[in-house]
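Naming follows writing order (A, B, C, D and E), and every chain is counted from residue 1.
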Amino acid sequence: MIDHILTLLIFFPALAAMLGFVVTKDSMRAYGIAVAFIEFVLSLWLWYAYDPMISGMQFMESMPLIPQFGINYLLGVDGISLFIIILSTFFTLIGIASLTETRRIKDLIITLLFLEMTMVGVFAALDAIVFYVFWELSLVPMLYIIGAWGGPLRIYASIKFFLYTFTGSLVMLVGMLFMAYFYYQATGQWSFSILEWYRLILPENFQLWLFVAFFLGFAIKVPMFPFHTWLPYAHGQAPTIGSVILAAILLKMGTYAFVRFSLPLFPDASVFFMFPIAIIAIIMIIYTAMVAYAQEDIKQVVAYSSVSHMGVIILGTFALNVEGVSGSVFLMLAHGVVSGALFLLVGVIYDRRHTKLMSEFGGLASVMPRYATIFGIMMMASVGLPLTINFVGEFLSLLGFYKQSHMLTLTAGVAIIVGAIYMLAAYKKMFFGTVMNEKNKNLKDLNRTEYLGLIPLVIVAIWLGVYPKPVLEPINNSVESVIQLMHDKAQSQEAKARIPDLSGKNEIIPMQEAH
Amino acid sequence: MLEPINVSLASLNLATLAPMLIAIVGALAILVIDMVKGGLHKSLYVMISLLFLLLDLGALVDFAGLFMKNGTVLGFFDVMLMDGIAILSQIIIVAGSMLFIPLALTSKRFHEYNYPEYFALFLFMIAGFQFMVATDNLILIFVGLETASLALYTLIALHNRKKSFEAAVKYFTMGALAAGFYAFGSMILYAISGSVEINQIATVLAEDHYSNIGYVLVSMAFMIAAFGFKLSMVPFHTWTPDVYEGSSAALAGYMSIVPKIAGFVVAMRLFEFLVHSGVVWLQVILYIGVVVTMTASNIWALVQTDVKRMLAYSSISHAGFVMAAILIGTTQANTGLFLYWALFSFTNLGAFTMLWVNRQKNLLPGQSSDHPYEKFSGMVKTMPMAAVMMALFMLSLAGIPPFGLFWGKIYMIGSAVSAGYTVLALIMALNSAIAGYYYLKLIVFMFMKEPMVGYDQFYFMNASLSLKTIIGIAAVGTIFAVFTVNPLLEVITLFVYNSGY
Amino acid sequence: MEITLSHYLVLSTILFAIGLVGVMRRKNLLMLFFATEILLNATNIAFAAISHYIGDLSGQMFAFFIIAIAASEVAIGLGLLIVWYKRTGKIDLDQMNSMRG
Amino acid sequence: MELYLYIALFAPLVGSLYAALFGGSPKSQHVGIVASGLLFTSFVSSALLLSYVLGGHTVHVEMMTWIATGDLYIPFGFVVDQVSVVMMMVVTIVSTVVHIYSIGYMDHDKGFNRFFSWLSAFVFSMMVLVMSDNFAGLFIGWEGVGLCSWGLIGFWYHKESATWAANEAFIMNRIADLGMLIGIFLLYWNTGSLQYDVVFAEIGNLPLVVTTWIGIFLFIGAMGKSAQFPLHTWLADAMEGPTPVSALIHAATMVTAGVYLVVRANPIYDLIPNVGIFIASLGAFVALFAASMALVNRDMKRIIAYSTLSQLGYMFVAAGLGAYWVALFHLMAHAFFKALLFLGAGNVMHAMHDELDPFKMGGLRKVMKGTFIMMTLASVALAGIYPFAGFFSKDLILEVGFVEHHYVIYTVLLLTAGLTAFYSFRLVALIFHGEERYKLFGIHPHEAYKFMLVAMSPLLVLAIIAGSFKMTYYQLVTSLLPSTQYHVHGEMTYWIMTIGTQLFVIAAIVFAYKKYSNWNSVPDGSSKLENSFGYKLLWNQYYIPKFYDEVFSKPYLELSKIAWKQIDLKIVDATVDGIANIIYKTGENTRDIQNGNLSTMLRWMVIGLVVLITLAVAFTVGYNAVGA
Amino acid sequence: MFEAIAFYLFAALTIVMFTITVMTSQALYAITAMAAGMIFISAFFFILGADFLGAIQIIVYTGAVMALYAFGMMFFDTTRDVVEKRTNPQIVFVLGVLAAVMVVAIFVAPIVSNNIQALYPIQEGVGNSQAVGMVLFTKYLVPFELAAVMLLVSMIGGIILAGKKMDKSLTLMAEEDISTMDDGFEPQAGGH
């Protein structure tokens, strides 16, 4: 079973979703929780069975799909993807457990389970086409979730979300096909296996073009400035569960793909585009933080804050050294936990008041102290306070990029200031002051369902902030091998210089099969 | 005096005629049965047609086996040409027809199915298409084309309502003009090569080193116009939406698949040798044609209010997409063409059948067409499975993996990339994105809107077991396409490659 | 003054163009069909001429089949016109506009 | 000893968590008691550690790994050495006192439990800050105290001003933290580690430029936490928090973290004397600058806050000039008497029902004898009168300035000492002497609980006698810090200076008493003095808060709104929608190509044909032309 | 010389006739002119030695097709003036002339080729019909048979389209009405 655990992880939720059609409406939530829980336990088992000392792929599975065209069902996890998978299963569980939606809950849970399949699939795929399949497929459940359970502008938002990301990924698809063609030219065989692609050394000018093609797909997904405008709409209109999953997992697909594809495939191009991308990342960080500050809707604040944080992740990724990339991978998890929690928290108040406008609130701290506390913890995590999960990632990302550029990091570091500004301002508007609005006077504090969703997140946010090692170590090992691979593949002098050579430090475990 | 000619029967390879003859015999059989005993139920004729088509398919499969052993078979004074693409396209034609014929078994009665002749004409039409693809003789192509077309015009009109007559007349008139173009184009080719056989023409032109380039190009202009009509390239496409709207959904779906593959095969035979000989003009024209067809029809599809019309424009766009294969002209691209079309036929079968089961007899109050988007709103709440199915087909058409068309799409784009047509590949990809909008629009209506009051009785108006079965087949074919792609690719590549394309 | 193949081709072209004008110009469907006949006839002349000048029979064959096709088309075309006429009482194509866009 | 270390470190955390458990429930006395008890435990452990360290040992433990990736290795490592133990003592003593005091002070507050949770959490953060053996750990504490400070300033969250001040403090600290972070990055990339010992061993090998930048960036961090100009405005505003908080955080401990950082990083600053001069100059400036603002203020707590600011300036002068042990010594002494002063002020506030304007008090010495004595003594200590603690530490700093030949600094500090004495006793005089102006407002003041006064007494004692530890202290810390002795050359000069300073200070005290002890009215802003430019300037804090508001806050908000409404919605998003709209509109506008008219359709076909033929002919002509 | 005179004469005549067909608004003129044009075209066939084709032309076109059209005209009652709305008449002529000019521009150049072989050469001394028959029943037997099918198709099509059964549309009728309609509408072989 352990040999096929990834397949199991991917298709178990989908299978369960199909069976879910049979389950009656009243029991659907329990069923959903049960399935998500089993899936989560399975993913924990994956972690347990994972050997953190091996940097390469583990639990590899391979099955020919379209061998004629080099497409294989190829799965595997390394330290980079392992935790994002766990994050996906975790958040699906949390999301379903804390679901307050009552409209057509059956459809919703089935959709969520399908979404879980696609999420796990994206992160477990080692074949570009399989990756692409799940990548695109994930849009569909999300489209439905936003479009069917969302706010007044839901249709506009969902279509925008879908088409925007779809457009980007189509360009990426062309890039992938190009990549496969290069492989074909080099070896006489078609292959979409990422691991096989890793062995290709591309001429620099091709790298640049391909990098751009992949970049478009990823950047829209992340979303990077100026491709980010779908996100506020998607978040603003999506139901709580949609925002949670979107922020926690779906956005990570883009950044994950940078680490999985862009860096190791195009080391020279990565170095070439490092500064432009860093500048975009900085614009994301500061500009969207400002936009977040100007928002009137608390959910939009969190949405824009997501973009801002994604900027830090991008920056860390393009630090191109172990510290930065590990940090960015860690920050992906961290941001997943924190922004997911924040969206859940926004959902709590939305459920009670059916509005997200901050001007409607004020003084909630006295009415809902526990809510305020948890919101406060998560806000501080979002701001990047040490000993919370975000700090580790942000610190490492910035630290990593500092190696590449002093000035840019200094500018990017403004993140910690502007982040504090909009978050504290929003918190103040929501929770501080006296209760002015009659409707807020009798609001109930968190209930059990909500605790069920939030407490684990708080625990994780602090646990991994205090003791990130169990997660950081596997990440580190895998990132080291990625960086070494990049260094070995780099052709230009600058790239060689920018990407550290780790070969002296420890033995490089080849990117192949671990078992 | 003319010498008597001795022809040995064996050299004629009469077997090459077998598949078409089976269809013709089937048609005649239906006519005879009807003459012997009238008033039989349509299901009988459906089954007879299916049986004959099955025989037809069997013969084709037999040929396929033969082709793998011996390669191309010529027959009947080399008029018949059973090469790989002929066999492949015939298989698609016959198999596609087999899937569409059962759509006659609706729960509501429609005019055309009361005619046994309908099924006879259907089989004649199939024979016509088969002749069209199984030859490189321009005359036989023409006759086959016209046989099929004339039958098709009649079938459309037999739906017997004003719109279908209008559609048939429009189709017919434009078809007549296109026939004129075809004749004129063939005439010029004949003038410069002294032959009406494409291979011969190619040889002569090559030996002449294209010294009559002006003639060649003008003839190609006429031919592109003629096939542009058949394959609905912009600006020769204008009949498509009207004809699709006017005819029954079943026939519209059929038209989006079968006549086009026949057209593609002929276009492949006719244009590719020129593309390969480096006739830059043709490459440029095809390039422009492909891009304009894809893009323009996509843009027009965006603004449609009727699903069937939208699907009409969408199939124009898909045809444009596939046309790229002719421009690219590599084995991979041609393989992609067949793969794409095989997958497309499943998906489109599903989509049009879904429309067909949704068909009501009279127009909806306040609507001017059969399948306005509004009709589908909130479908997920009233008929979840149907909505899911329809969404599935829409996603497949949009090229969302892992559904059928996605695989065709990546193979086509991949072939464009491999042949160095990077910009074309990008345009193809981006067009898929534009197309995403209108497919999504239907999904939005089905999944995200509230049902229209009083419209619920129109869903599944026309459903019957056989229609549902067809939808099921289409859905299975669409979902599990990924597992069929590899065997398909293997076979198609082999066939296409060994036919010299 | 010898009549060459080009003469015939040019004649054919001119007739074809006349046919085209007719096709584009006519609104009466019956008379529009006349024009399509002209198109095919124009081609037939050229086929016969080419056949003559290169001494090959294929052209005549082609022309022969074109005549057959033309005849078939008339039958179907008239059939369609008849149902249309029965239904609407008109054969003017400007009246035929229930579908558009 | 490791056990004591852990007890000292984690006892406050346990206290905090314990209190947090009851955070949502109404006041429970036991929370305060348990938290105080744990704090006391922590104090005892610290004391034991002190005795251990006095024996010449240090304790260094590595609890566990925190962040390890690439070459970066950051453990949770703690060190109890001569410097940190001093800080630990200061922190635990003051916080124990404040905790006990708070049981009384917060007696009637709804958020009693929450308060203790925050307060203990603060102590924990502070302990982490001082005990860490690396810069990252320091940064944890650094941010941790910032967080707790935020929570405590904004403790009365229903008050707009309190929450505003909390946010201001947090954000301003963040600005400085960025500097600190950059400093840490620089350290890491240049020395490969963040451990103090490694860094300090390596630092000498770095190019001077790098070291300078490191010093500057670290000091920027210190500036924020210690509220040095220009990041000083938050400190005065932070007085919105409960008074014990002001005593603990904004007087004794957190604000001195900056000084601690500079002291801790002395191997770095030793290498870059130019930066040191800058630090010292800034310190001197702030000392005078803050003292000047204290002169006219009418808010009791703010006056004390400015005085804190001013004293921090002193400490930075010492640290900047390399007299690290002196800085640390003043830090310690200052912690005691300033905390005492604040707690006293707290008593007064309580008595006066949260009235802060000393002009509305007067004559309180009759009802609040204990508080009166304590505050007076604390003020004496602050003014630096022999033999109180302030004398030993503050005069030493003056001497340092003098000895190091920075006479300007010396003069400024001397002047400031006078001002300090003046405003301190202005306050004392206004509160405790003169007419009982509070009666005008119908207030019935009463003395604080006994146990609060008892709790304060250790501070009183320390404020008085701390100077006597000087030599022990000196021997202790100089095993780690540079052991420069600052002696003015010549006995004569020394005595003149000392006595002169004392006289100057006493004169200022007398002046203040004279002027204010018989005050009998509440100023209403109409007097000539109050309308003079200088007064207004000082009253409005040199218009700096206003300036920040106008130049940073408001434009930032405006800019943010522009970024959202103008750029994000109208440019970035509109472009995307625009592209989609163009495509859609093209469809709308060209769909009439398909106008349903057969004639048009046929014409389109012919047009297509003609275009194709034309292209064919054109190509042929071109081809022939090229061919020919 | 004779050939040239004949060519130009008939060319002029056909052009005129077809122009009349296209341009006149009198339906009767149009059909008459077309019939004449068809006959003149057969003259070309005879000139070119395609006797069989010429005969077919006269029989099929002038005989059958024209008769059909004449029938159609009577049916549609279009023997008198036909009123047609003219939209953008200029563009029609521009396009027509442009097409002609362009194609003619190519066609005036003689065909240069040494590789044209007559696959089915016209042999001296063999009658045209005989030769045609020979080719038709060997090489072109398949198209010939298919043409037969095509004619069958058009026959069936023409008959059922024009048939009475088309008068009532099952497509538009409600199901109940169809059920009550009973045997009168049962399908029968070959139409009426």
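As a convention for this text, a contact is a pair of C-beta atoms (placed from the backbone, for glycine too) under 8 Å apart; a residue touches a chain by one contact, two chains touch by 3 or more.
This one's a predicted model, so the numbers in the text were calculated from it and none came from an experiment.
For subunit A and subunit D, what is the smallest step count along a path of chains that touch one another?
When the steps are counted carefully, the minimum from subunit A to subunit D is 1.
Please give the intersection of the contact partners of subunit A with those of subunit B.
Of all the chains present, those in contact with both subunit A and subunit B are D.
Tell me which has more C-beta contacts between its two chains, B-C or C-E.
Between B-C and C-E, the larger count of C-beta pairs in contact belongs to C-E.
What chain lies closest to the overall centre, CA atoms only?
A
Looking at C-alpha means, what's the farthest chain from subunit D?
Following the centroid criterion, the farthest chain would be E.
Centroid of subunit B to centroid of subunit D, CA atoms only: how many Å?
The separation of the two C-alpha centroids amounts to 77 Å.
Distance between subunit C and subunit D based on Cα centroids, please, to the nearest Å.
Roughly 95 Å separates the two chain centres.
Mind checking the centre-to-centre distance between subunit A and subunit E? Centres are C-alpha means, answer in whole Å.
Roughly 68 Å separates the two chain centres.
Any idea how many Å lie between the Cα centroids of subunit B and subunit E?
A distance of 27 Å separates the two centres.
Could you list which residues of subunit B touch at least two other chains?
Residues 139, 143, 146, 150, 153-154, 157, 160, 169-170, 173, 177, 191, 194-195, 214, 217-218, 241-242, 300, 303, 437.
What are the residues of subunit C that contact at least two other chains?
Touching at least two other chains: 5, 9, 16, 19-20, 23-24, 26-27, 33, 54, 56, 58, 61, 65, 68-69, 72-73, 76, 79-81, 83, 93-94, 96, 98-101.
Two or more other chains touching the same residue: where does that happen in subunit D?
580, 591, 594, 596, 598-599, 602-603, 606-607, 609, 613, 616-617, 620 - these are the residues of subunit D that touch more than one other chain.
Considering every pair of chains, which are in touch?
After working through each pair, the chains in contact turn out to be A-B, A-D, B-C, B-D, B-E, C-D, C-E, D-E.
Considering the complex alone, what residue numbers of subunit E touch subunit B?
102-103, 106-107, 109, 111-119, 123, 125-126, 130-131, 134, 138-143, 146-147, 149-150, 152-154, 156-157, 160-161, 165-166, 169-175, 178, 185-191
Quick check on the complex: what are the subunit C residues that touch subunit B?
Listed in rising order, the residues of subunit C that touch subunit B are 5, 9, 12, 16, 19, 23, 29, 32-33, 36, 39-40, 42-43, 46-47, 50, 54, 56, 58-59, 61-62, 65-66, 68-69, 72-73, 76-77, 79-81, 83-84, 87-88, 93, 96, 98-101.
Going by the contact rule at the top, pick out the subunit B residues touching subunit E in the complex.
1-2, 5, 7, 17, 24, 31, 34-36, 38-40, 76-77, 79-80, 108-112, 114-117, 120-121, 124-125, 127-128, 131, 135, 137, 139-140, 143-144, 146-147, 150-151, 153-154, 157-161, 164, 191-195, 200, 203-204, 207-208, 211-212, 214-215, 217-218, 248, 361-362
Going by the contact rule at the top, pick out the subunit A residues touching subunit B in the complex.
Against subunit B, subunit A makes touches at 64-69, 104, 107, 129, 132-133, 136-137, 139-140, 143-144, 147-148, 154-155, 158-159, 162-163, 166-167, 170-171, 173-174, 177-178, 180-181, 184.
Flag every residue of subunit D that touches subunit A in the complex, lowest number first.
On the subunit D side, the touching residues are 23-24, 64-72, 136, 139-140, 143-144, 147, 150, 154, 157-158, 160, 163-164, 166-167, 170-171, 174-175, 177-178, 181-182, 184-186, 188-189, 556-557, 559-561, 563-565, 567-568, 572-573, 575-576, 580.
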